[in-house]
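Listed after this line are the structures, all set down as structure tokens.
You will see chain A twice below: alongside chain B first, and alongside chain C after that.
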Partner chain A sequence: MNNAHPGLPDFVEYVKPASLEEASKFLVAHAGESRPFLGATDCIVRMRDGIWKTKYLVDVKGLDGTNQITFDPAVGLTIGAAVPMNKVAAHPAVIKHYPLLAEACHWVASYQLRSRATIVGNICNASPAGDTIGASMLLEGVLRVFGPDGYRDEPLNGFFKGPGRTNLKPGDIAVSVSFPLPPQGNSGRYIKLGRNKLGDLAIVGVTAFGYPDSSAASGYRFRIALASVAPIPLRVPKAEELLASKPIDEAVLAEAAQLAYESCTPIDDVRGSARYRKQMVRNLTRNALVDIWSKIRKDA
Partner chain B sequence: MSFHRITIRINGNLEQVDVPGNLTLLQMLRDKLGLTGTKNGCASGECGACTVILNGDAVNSCMVVAAECDGAEITTIEGLASSGDLDMVQKMILEEGGVQCGFCTPGILMSARALLNRNPHPTEFDIRDAISGNLCRCTGYNRIVTAISRAAEAESAAVK
Partner chain C sequence: MVVAQNTRTNNPVGKSVARNDVLEKVTGGATYTDDIQFGPGLLHCRVKRSPHPHALIKKIDYSKALKLPGVKGVATGDDFPDLIGLYLKDRCFFARGKVRFVGEAVVGVVATTEEIAEAAVDLIDVEYELLTPVLDPEFGASPEAPLIHPDLGNYDHPNFIFPVANSNISNHFKIRKGDIEAAWTQCAAIVEHTFRIPHVQHVPIEPHVAVAKCEDNGQVTLWASTQSPFAQRALLAKALHIPESDFRVIAPLIGGGFGCKAGVTMEAIPVAMAMKYKGQPIKFRLTREEEFYTNFVRQGLVIKIKVGCDKEGNLLALQNRMYWDGGAYTEYGVNVTRAGGYSSTGPYDIPNVATDSICVYTNHPVGGAYRGFGMAELHTGVDQAMDMLAAKIGLDPVEFHKKNCVQGGDVLATGMVIHDVGIKECIEKVAQALDWEIKDKPSAPNKLRGKGVALAWKAPAMPPNAGSSALVKMNSDGTVTVSVGGQEIGQGTFTAMAQIAAEALGVPYENVKVSGPIDTRYSPYEWQTVASRLTWSMGNAVRNAALDARKKVLDVVAEAWGEDAKDLDIKDGYVISYKTEESVSIKDIVVYGLPKPNDGGWIGGPIVGAGSFMPSYVTGLDAETGQGNRAVVHYTTGAQGVEIEVDKETGRIEVLRAACAFDVGKAINPDMVRQQMEGGFIQGLSSALFEGCQLVDGVMRNPSFVDYRIATAADVPAEIDTFIIEHAQDDGPFGARGIGEHPLVPSIAAVAAALYDATGLRITNPPFSAEKVYLALLEAGLVE
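The block that comes next holds the complex of A and B.
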């Protein structure tokens, strides 16, 4: 890498708008050469290496609602776009009601990076490997977006269009992500396979979540999201339907893991081959489901 | 290129600095303020050699834009022993022999200081997590972990 003197290109400018309206107007006026700027842990590297040709970094930290994290037992959790992952993972309400989110944060890079990196940034960058995206999807996260036409909500299921591509348009600023209160008796797991124990991007990431539900034929519902094995963070509806309809035992959990294997379309890259990734999806999905099942089953 | 005038409290001293929008905090510290104790390693947020304490949190200064630091409080390695006495984590790293080439050491000390500020009684897991973003390629981590653990014990004993 040619970076004897590391830094951003000379043409990069820092912009600090006073309001969301001002920020949105600026982003529209400079569409294609500006981007909202949160923890910068992705954009500094990509801009320095010339992958992103962004000219204007529009700092939206501190704008309306982006710095708060709030919890209301009746409504749920709202995490401002600028709240760093370390603050999310240490928040008492997250630890108590959304431990899956804290676990996912913990697997991102290193402590220092998590002092800056944000969940909303992780979501908006839409990397198929994003560690906190699976948990955010399975916990039914909804992104609050301020755009040229005002506020709107973007449910995360359906938000991702491809690597780095989402429903966001020029002028859109993700302000926060909200999660309803999770169902009673739930349990979740994020299992990340990296080349080393901490810090690496996921070769495969499996997020799973389960809870008792008397409206399901099996008495339980599970949700599964896969990272790094498709162009977008992937849900596995076939496996989720199976686990809601068939009485749960180890064989059915293995069958669901096989459906996860069949649904993913990974690529070969420096971190692992497609074949290896598929097999690890099956193994890690089974491990996650077995672990969750041991925690939520009522006859245990 | 437009400049931004920012006011920061750096190692206890108020400073005004004019920074272009493309300058990282690491570049400002080293090239504008002459604080070269903060090291430039990977400049990608991977190695932790540039770790400083920004508003109480350990961060990679290569991953922070200087212009966004207006009003910030920053502590660098130069601020750890500004009174002339070494900080407890510095003393223990020396005693334990947790330094060989020393390039990673300022970053490790800043991660350790931030850890003990927020958690005076860390477990070994907490310590390893806090320095998970600090790569050391010669000393290995055992002596460093022991040194941070001893610093925590010594500081707790001093408080009692």
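The block that comes next holds the complex of A and C.
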């Protein structure tokens, strides 16, 4: 059992750099004993719990436009790293064009916490249970990162390496996440199963997204991401391929859900058993797909 | 106090007047223990705790900690050898010789800041020799189990606790009534089942906090978030060998307790540190994690029930064997198991009863008082067994409950004849509110729907002579100050006491102020704020004090007016004469008295009324049979029902609506009674669906709100019907008896019964989590 401190350990130092360059240099110079942070909703807890022994907490909020949301109808949406989830979920462009992202935000912890928590923080924290990661992946999010060698882009598909592990290196600071315009006629769902209705971590989270696409044999394409059932947020390519190739009906949606069941590798932990989680992946994936299918099918 | 003309509530008993503590609480102005400022001299305490459930302490090395700048000193078990405990003196301030649970205090550190104290804790090395832990109460009670307290035979305890020396059994309460073996042969249906109820936590929103200071002259003051300032004074003063009058406890408002702030727990630590490091106040606050595993838990229970009825469904016999997982120390828990014993039938009339309520030491967290005091655990077993028996004999559960529930005049399992109770009306109200006869269709094809009902009873669990006292002080502005020693813990007792005093005196409710914080130096004695006993016991003391003050006022006026006090009354703050129709405001007389005619001197003077109350009629019970004249003061009884839907795709239970009905004798404040019914039900529902300490090898795996889930507003049904039944308590103030704990008692059993109605499944080990329900549906072939 970790020994939780009454407050933060007294060795922690708060660092507020004036620019991304300064922040990055500091993080490189203190690699292994420093971390960047945004809303700090995970970081403070982990420090207090003694899981992280980080000496320097580097505040990277408010640097070079990280507080902005911008939407360009020709290009898409860019959410600055420091924008809290409540602001994202309330943004008119998000509600109109990316409702799946707003839905995912609504399921994170509590309203109070979401006034600090950020989507970019959720992504960089790389918890397999992260509620907004599935939506961010399915909406083809790309992380903008400032590192020791300047700016680069990190597509989210392929970004996650393990629980808490990503492509980010010491000195890297995620500054925003961008989403292209989603396909016409799309619909998305995030179904989160917690132990109680409000504020829990996901025992299982299923994000699904679908849209008509004449280039697909079935006439439709679906994307599926699963939370809390693998070491990383999990896409289910086999199910996605099935739904693109086979004429869609209830049985095919159930078959895709079964593929999701087979592809996930959950563990037993204090929140739930692997057996239950696998069953829930199947049931909730099916529900999400059926719901989306009812909204996007052209013969409806 | 400014009293507007339009807010004068006369005869407030029975009226839902506004609470007198809300403004300061909702504005954040109320002072809690952690809010009190002690200036720059304040020191802070943290504790080195045991990582092992059962181990010998071989060596403690705190030399590195003492060298850390800012550290003032340490204390260990060697500094404080005396035993302490409420009903069984079995624990020390710090572990001595061995540790008995994960989280037990081994070394206390005092430093200038909390952070330094915590850093010093990490520098202390303790060497242990591991012992085999006892992690199951049934095994713990067996002769094969390692002894956790080899000295149990020498521990002090009152004569109603029955420890078994050289065992782990710290209390064995028995009932032997009638002939149970003969009764089985008469039964047309028998149910025999074992239920397991997990440990749960109280989770008050305010964690434990205490500050202690010892003056150079030996006077000790303790500021604490506590339900028991007077019990803490008595127990700590005795253990520290100082007179009670040198030990002062100041108890500000408390942010919830639910039993975990009763008796003495973590307060002992700052007091001990203050005794060793005199002259400066020392503060100790528990982290939320410590709140989960180092303090009182509601003990786990393994309950083995065999119950039978005749072919008409009349209960004939009950055998109830309870193994309570009392934890490492059972100084308080032994009395939980006694209460579980004498109430072991539940509110049912059963002629033949054999009960063994066995309190077992284990190497789990320490069991103690928790809202319901054993009754929720007991009813989770007994009421589920009754629901099973009703199904087996083919009776509707509501009919079965009505047929078998206790009624006034019944001889209970202990031999006590029970007073008038309104439980049958409670059952009827609940059944009616839930449209019991109507089987509603599920709201969707993937849902299963069902209804369940369960009963509850509980008596105040306390020593036979737990007392209360009160002072009523009349002020020259016409207001009245009531002093009590019972704690405003959120239940609204200060409001109820003001109502009782106003009613008895004849003044408006708005003119009565109840003084806080409780301070053992100035407040009148109160045993503890527990047992749902304040409205009844402290209410009696307040009423007596108010009547005493009233008599003094009337005697003064009678003398001044040359009238008989019998012809005088106090109404709306005025003394009136029915004979002469004269009247005078009490504010003109209660401090300065009244002049005699012709400047001939004065009558009266400042008026203070005093009152007390202590039940005198509770008798002992035979150690072998549990029989006696009167086991308890009274029982509050009631019923609760729920309608639920079970989601076949996730296993999640959704409670659609609930109904609660309790016989409170007399509702002093009906809205507050309803709030208790709603709040208690929600807490009970939370333990039915979500709560449980996950203990693995003595370690709690979920000691935080991340993984110890409690019900939120979103998990609660929109509709909770509440019904107040009033069969007056003969010795209650205006007929009142308690309601604080009872609404939580039947909730798990009610949900379990509804789950059976919906699915045909009995899950006998709460919580009924979505996972547990889903996997049970899967095993039963109800889902694929």
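Keep this in mind: the second predicted complex is superposed on the first by the 295 of 300 C-alpha atoms of A that agree within 3 Å, B and C clash if a C-alpha of one lies under 4 Å from a C-alpha of the other, contacts with A are read in each partner's own complex, and residues count from 1 in each chain.
Criterion: contacts are C-beta pairs under 8 Å (C-beta built on N, C-alpha and C of every residue); 3 or more make two chains touch, one makes a residue touch a chain.
Please read these numbers as outputs of a predicted model, since none were measured by experiment.
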Chain B versus chain C as contact partner of A:S19, first or second or both or neither: neither
Which of chain B and chain C A:L198 touches, first, second, both or neither: both
Touching partner for A:L113 - first (chain B), second (chain C), both, neither: first
Partner chain(s) touched by A:G7 [first = chain B, second = chain C, both, neither]: both
Partner chain in contact with A:A40 - chain B first, chain C second, else both or neither: first
Contacts of A:D59 with chain B and chain C, given as first, second, both or neither: first
Partner chain(s) touched by A:S294 [first = chain B, second = chain C, both, neither]: neither
First (chain B), second (chain C), both or neither touched by A:T265: neither
Touching both chain B and chain C, residues of chain A: 3, 6-7, 9-10, 198-199
Chain A residues within the chain B interface of the complex: 3, 6-16, 37, 39-41, 44-45, 48, 57, 59, 61, 84, 86, 106, 109-113, 115-116, 198-199
Contact footprint of chain A on chain B as seen in their complex: 1-2, 4, 21-24, 26-27, 40, 43-46, 48, 51, 54, 57-60, 62-65, 67-68, 111, 129-134
Residues of chain A touching chain C in the complex: 1, 3-7, 9-10, 193-201, 203, 270-273, 275-276, 279-280, 283-284, 287
Residues of chain C defined as touching chain A within the complex: 46, 51, 102, 113-116, 118-119, 121-122, 285, 287-290, 649-650, 652, 689-690, 694, 699-704, 706-707, 709-715, 769-771, 774-775, 778
